[in-house]
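Paired with subunit B in one complex and with subunit C in the other, subunit A is shared by the two complexes that follow.
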Partner chain A sequence: MGAPVTAPAPPAPAPPPAARPRRRAARRRALADTATAYAFLAAALVVFALFSWWPILRSAVLGFQEVDFASGSTWVGLANFERLLADPLFFTAWRNTGLFTLYALVLGFAVPFLTAVLLNEFRHAKAYFRTLVYLPVMLPPVVVALMWKWFYDPGPGLINEALRTLHLPTSAWLDSSSTALVSLVIVATWANMGTTTLIYLAALQTVPGELYEAAELDGANLWQRLRHVTVPQTRFVLLVLLLLQIVATMQVFTEPYVMTGGGPQDSTVTVMFLVYRYAFVYNDFGAASAMSLLLLIVLAVFSALYLRATRGSEE
Partner chain B sequence: MPSATGRALAGTASAACALTLLSACGTSADGGDTTSDGKVRLDVNGRPPTTQAFERELFDEHVQRFEEANPDIDIVPHEGFMDPQTFSAKLAGGKLEDVFYVYFTDARSLIERGQAADITDAVQDMPHREDVQDGLMEVFQDADGRQFGLPTANYSMGLLYNRELFEEAGLDPDDPPATWEEVREAADAVSGLGEGTVGYADFSKGNQGGWHFTAELYSRGGRIAEEADGGWKAAFNTDDGRDVLQTLHDMRFEDGSMGGRQLLEAEDAQRMMGAGELGMYIAAADNISTIAKQFGGRYEDYGLAPMPGEGATLLGGEGYMVNPGATPEQVEAGVRWIQWKYLNPETIERDVVAHVENDLPVGLPMPPTPDIWKGGVRERIEGVKEANANVPMDNYAGYMEAAPEMEGVIEPPQAQEVYAVLDSVMQAVLTDEDADIDRLLDDAEEKVDGVYSGS
Partner chain C sequence: MPASARTLVRPAVLRTRRGRLVYWSVLAVSLALFTAAFIVPLYWAATGAVKAPDELARTPPTYVPQEWHPENYARAWREMDLGRYFLNTVVLAGGAWLVQLAVQVPAAYALSKLRPRFGRVVLALMLVTLMMPVTALLVPVYLTVVDVPLFNRNLINSPSAVWLPAAANAFNIYILKNFFDRIPDDLLDAARMDGAGALTTLARVVLPLSRPILAVVSILSIVTAWKDFLWPLLVIPDPARQPLSVFLQRVAPDTPLNILMAGLVLASLPLIALFLVFQRQIVGGLTAGGLKG
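Our next item is the complex of A and B:
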């Protein structure tokens, strides 16, 4: 059966002569706007492409190659991943990274939130305390790590000296495989909590005061106000920061690199530390890229959750 | 609100920036093989930074004099030495100099990976070729004896000690410990001075723990690895290996002579030495000038003794190799430069005078008078050193006397990977009172065998 034969559509009526140049001008303007927008985007796109997307792609390729910068790399399939799996440190690094992330969430999530709640309650010297909380963020990460290395010195270090003064038991801190990882978490939390606290504080200030007043009239105490008003009202910010913190803490590198070198007894070897070691100590860029690729996949899952959470809120 | 013209201008500027960035990526890194006037262009590194004004001036003067003597070569000097972290990237990006600095540790792997040019033919008739110690030349040779680089300075480990603290502790600074038992006793005596004084320090971070374990094992006659079935196998799980670890563990936990803070690396020990808080650690001679220059120490306070024990000493050092992409003319020019600048008794004699005039140390077994020579040239350099010494050479007499007789052993294959494993062992014995040394050695042996088998 053939297609039904239809008469050709009548030509659209010609616009009135005065409207034609107007429409053309509008089209030209739209085109110019689009071109300008792309021109503005160009610099950012090029920078992203060169310094983010291209290295990610390149790293993915290197993960499947035996890398030789002098005479050319060769494809080796999954050999780099097999090498990683045969390295006992591979699992140690993932375990340490997992533990670091867990401890960092317990400490790095709760401490800034409670600090923000406290700061929000202050009636006086608000700006002073906010500045005080934010100050560590302004220190370069390596300076923070070196400073805390001295604080943690089991002999004349600041922390043990303080504990001795108070007649409390001291600790070996970084020098013991049972306390080193937690010691690093404390440093990371101290150094980074300023930004998180400020975001929580901003979120807290969006909670309508009437809700607290109503809760108080109902006889709610501080804990009940926190649990039934503050947390539900700020849960979106809490969720987003939780995901961002997971993504950030899983990439921990500066603290173990500067403070412990992965020790004692590999107790602070993290995934990024091992990537560094493969690439720049062993000169095995293939295995380093393979490990980065694995980390990328894990982080991508959390990033996807983050995007879903933020998109959900926009909708 | 910005005008349309303003927006367009800003947009154009943004696009221009993007294009500039893209075009920068395409810039050739290669400076070329020849200059416009037909000279061989030779990019070399090793030029000291501006912070070392005298050394830099001396280097530039060398370049000028070399070019005068070799008008067919144009030297283009670059700052920097070997940075293992950027080496591969420089090589891949075509930014590696034609003549580049290397540590002894890296020479073997660079040769295996084809990352250095074969210079065998170019060194055949090189002046003073036969005056350089054979063992050092071998560091830059492959299994077939082909030459891929030249040594320019070396170090061997010794026992660096604080003479002032020795005296305070009632020890004779002219009779330093010669065995590990004596080291332990001396460390105990020095730490007995109190006020946080540490008798003996050892490293356990940044692969330096593995490096020191190796040096201490060599000094007891042991080895890290041995060749077996055409490959390598761990060889440190022996009585010698156990003795190294047991001594350190006992000094740390029984005697308490190694201080509370561990996970140390070289800079920590140098700082402690400079501050007069440390009695001994094992080190090469260059540590003395570092302690004096950077950490406020005085040359007269430090002595250098041979490694304790009757075994060998760990040998290290530095040299130069030629880029595998260099032309035959550049290889030939590169060897001429390395020989003229570094393997040249006349240059050394002039440098010694310049060092003395500028109040820089002369008398240590390190540049400008490295101990790389043999036979008559060694005697000549030692004579120049002695005549111009401005540091107390007597403090290092024992070390220098033992040097020619003491066996020097280079680092094991895949040294950094092996050191990473052994770092963990050192950390365990220095931080864990209940460390099980046998189990630690068993585990480390398994891991190092894994490193060598490539699994």
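Our next item is the complex of A and C:
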């Protein structure tokens, strides 16, 4: 995110002695300007300090503390982590989150990219397609989750009815521990793929047409052109969205909370779900913070990769 | 994009008979598939809302309602007291929008045009927060809201518990600043020569030129606040003050399905309307962060 910050105007060449009072006046004006600037920044500095910087610093230590609203926090060493490790759901939550992220990448990464490649070829109805895929992004996630909970109903639900009409096998969807997690990934992909599809579409339009022509002269077929021209040319956007998607899906909460409540048989308990339960059901803010800290470290690795990817492109 | 832009498929192929046949078949299949995937679910919810309860429970379901009960929408509005929750959501989303503009526009202007000492450090510290996953900071931000340091205030159940954390959004400041950077300094210097102060310059010169980016930031902040669920669930425990998302999730298990679907459809309408009106700005906002190929 190396924003090009315009450097302040270079200092004027050393003025003759007679100009010294003028220089002092200039310095006073520069000071006044800085004061004005910080007056404009004041509100932002206060909200960042209170609701961003201070919580970030605090997140590093809360995992090692016991939080008590009345008497304040006390250091408890690794006790929070020990309590987490003793909870069998701890490993379940990490496994489910890992699986969710994996499925979300297979679906939520491949489907939008291939959709964008397809839509980019169309000479008709482009606006209609774009509106369609983006429409679910505008729906509140809770609305999406509650609607799909009904669509997944194995009996009168929309999904199984569609499958029956097409003579395809039906499924228990949310009611079975083996399909519940995948069902949630399908909903999340349906709801969010509009954003990634449109970003890919914008990236595809920057691929120079001459490259396709050159590949054709070398005898490349459609598949080879996709592999050796389209993918390398959009590599940067693909990589950035891949990492952003990993970071977003590892924090999944609303879908399991609204649609399955973590079930059946804990098959949809995710890391954030467990953080929520520790903090706001068990009132154990220490263990919740310890869990958040672990998630933060895992996500920090991906964020670092993201930073490296974005920096690499600017050079 | 001009219609002639070269893409993956060879243009010469599209001019052959066979090529045209394949093109139109793929287009037709895609139209059917995408409409089925994205319109049918919405149709299903909107028509499910007007069905009678016994019709809804039937297997296989009816594709077109046999009996129409459009009054279910009015019933949902009345029985669920949706007016109150719409108002709550408007207060939260509208307030978040205004607070964000009031905080972020002056900050971006200061960083872009007034360029104070340590301005780059401040910007870097703000951008670093973008690397922090929001939900992983849930507990410390919640603890801050329960007892705001220095001010010793408990913001639980107050709309500012939603407004203020939303204002600490580095992405908006970043895209605003990027836009302001492209306004020539000469324009601002000219205003300054005429004796305009920093505030007047912002209001008279910068803001009128910045309508496109202000639209993007406004829509982003309103849509985000309207869709939000987890944060208001935590900081607005008072049932009477909750926004639509939290309310609908809470009452869903005890609401008849057709009434619930009517409520869900009604809760989605404002954002869908916003999307259809401001589609260009919303899609433009996606690439505003500089995510270009």
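Just so it is clear, the second predicted complex is superposed on the first by the 266 of 315 C-alpha atoms of A that agree within 3 Å, B and C clash if a C-alpha of one lies under 4 Å from a C-alpha of the other, contacts with A are read in each partner's own complex, and residues count from 1 in each chain.
In the analysis below, contacts are C-beta pairs under 8 Å (C-beta built on N, C-alpha and C of every residue); 3 or more make two chains touch, one makes a residue touch a chain.
Since this is a predicted model, take the numbers as computed values, not measurements.
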item: Which superposed partner A:V185 touches (first subunit B, second subunit C, both, neither); value: neither
item: More subunit A residues in contact [subunit B versus subunit C]; value: C
item: Which of subunit B and subunit C A:G263 touches, first, second, both or neither; value: first
item: Contacts of A:L84 with subunit B and subunit C, given as first, second, both or neither; value: neither
item: First (subunit B), second (subunit C), both or neither touched by A:T230; value: second
item: Touching partner for A:L198 - first (subunit B), second (subunit C), both, neither; value: second
item: Touching partner for A:T36 - first (subunit B), second (subunit C), both, neither; value: both
item: Which superposed partner A:F48 touches (first subunit B, second subunit C, both, neither); value: second
item: Subunit B versus subunit C as contact partner of A:A93, first or second or both or neither; value: neither
item: Subunit B versus subunit C as contact partner of A:A104, first or second or both or neither; value: neither
item: Contact residues of subunit A, present in both the subunit B and the subunit C interface; value: 36-37, 40-41, 43, 45, 47, 50, 69, 155-157, 280, 285
item: Subunit C contact footprint on subunit A (complex, rising order); value: 1, 3-6, 8, 33-34, 36-38, 40-41, 43-45, 47-48, 50-56, 58-59, 62, 67, 69, 117-118, 120-125, 128-136, 138-143, 145-148, 150-151, 155-158, 161-162, 164, 190, 195, 198-199, 202-207, 209-210, 212-213, 216, 222, 225-226, 229-230, 233-234, 236-237, 240-241, 247, 250-251, 253-254, 257-258, 272, 275-276, 279-280, 285, 288-289, 292, 295-296, 299-300, 303, 306-307
item: Touch list for subunit C against partner subunit A, complex; value: 1, 3, 5-10, 26-27, 30-31, 34-42, 44-45, 48, 56-61, 102-104, 106-107, 109-111, 114-117, 119-120, 122-123, 125-127, 129-150, 164-165, 167-168, 170, 173-174, 177-178, 181, 197-198, 202, 223, 226-227, 229-230, 234, 244-246, 248-249, 252, 257, 260-261, 264, 267-268, 271-272, 274-276, 279, 282-283, 286-287, 291-293
item: In the complex, subunit A residues that touch subunit B; value: 32, 35-37, 39-43, 45-47, 50, 68-71, 83, 86-88, 153-157, 172, 174-177, 260-266, 277, 280-283, 285
item: Subunit B to subunit A touching residues, read off their complex; value: 4, 7-8, 10-12, 14-15, 17-19, 21-22, 25, 84-85, 87-89, 91-92, 109, 113-115, 196, 204-207, 259-263, 265, 324, 414, 416-417, 420, 423-424, 427-428, 431-432, 447, 450, 454-455
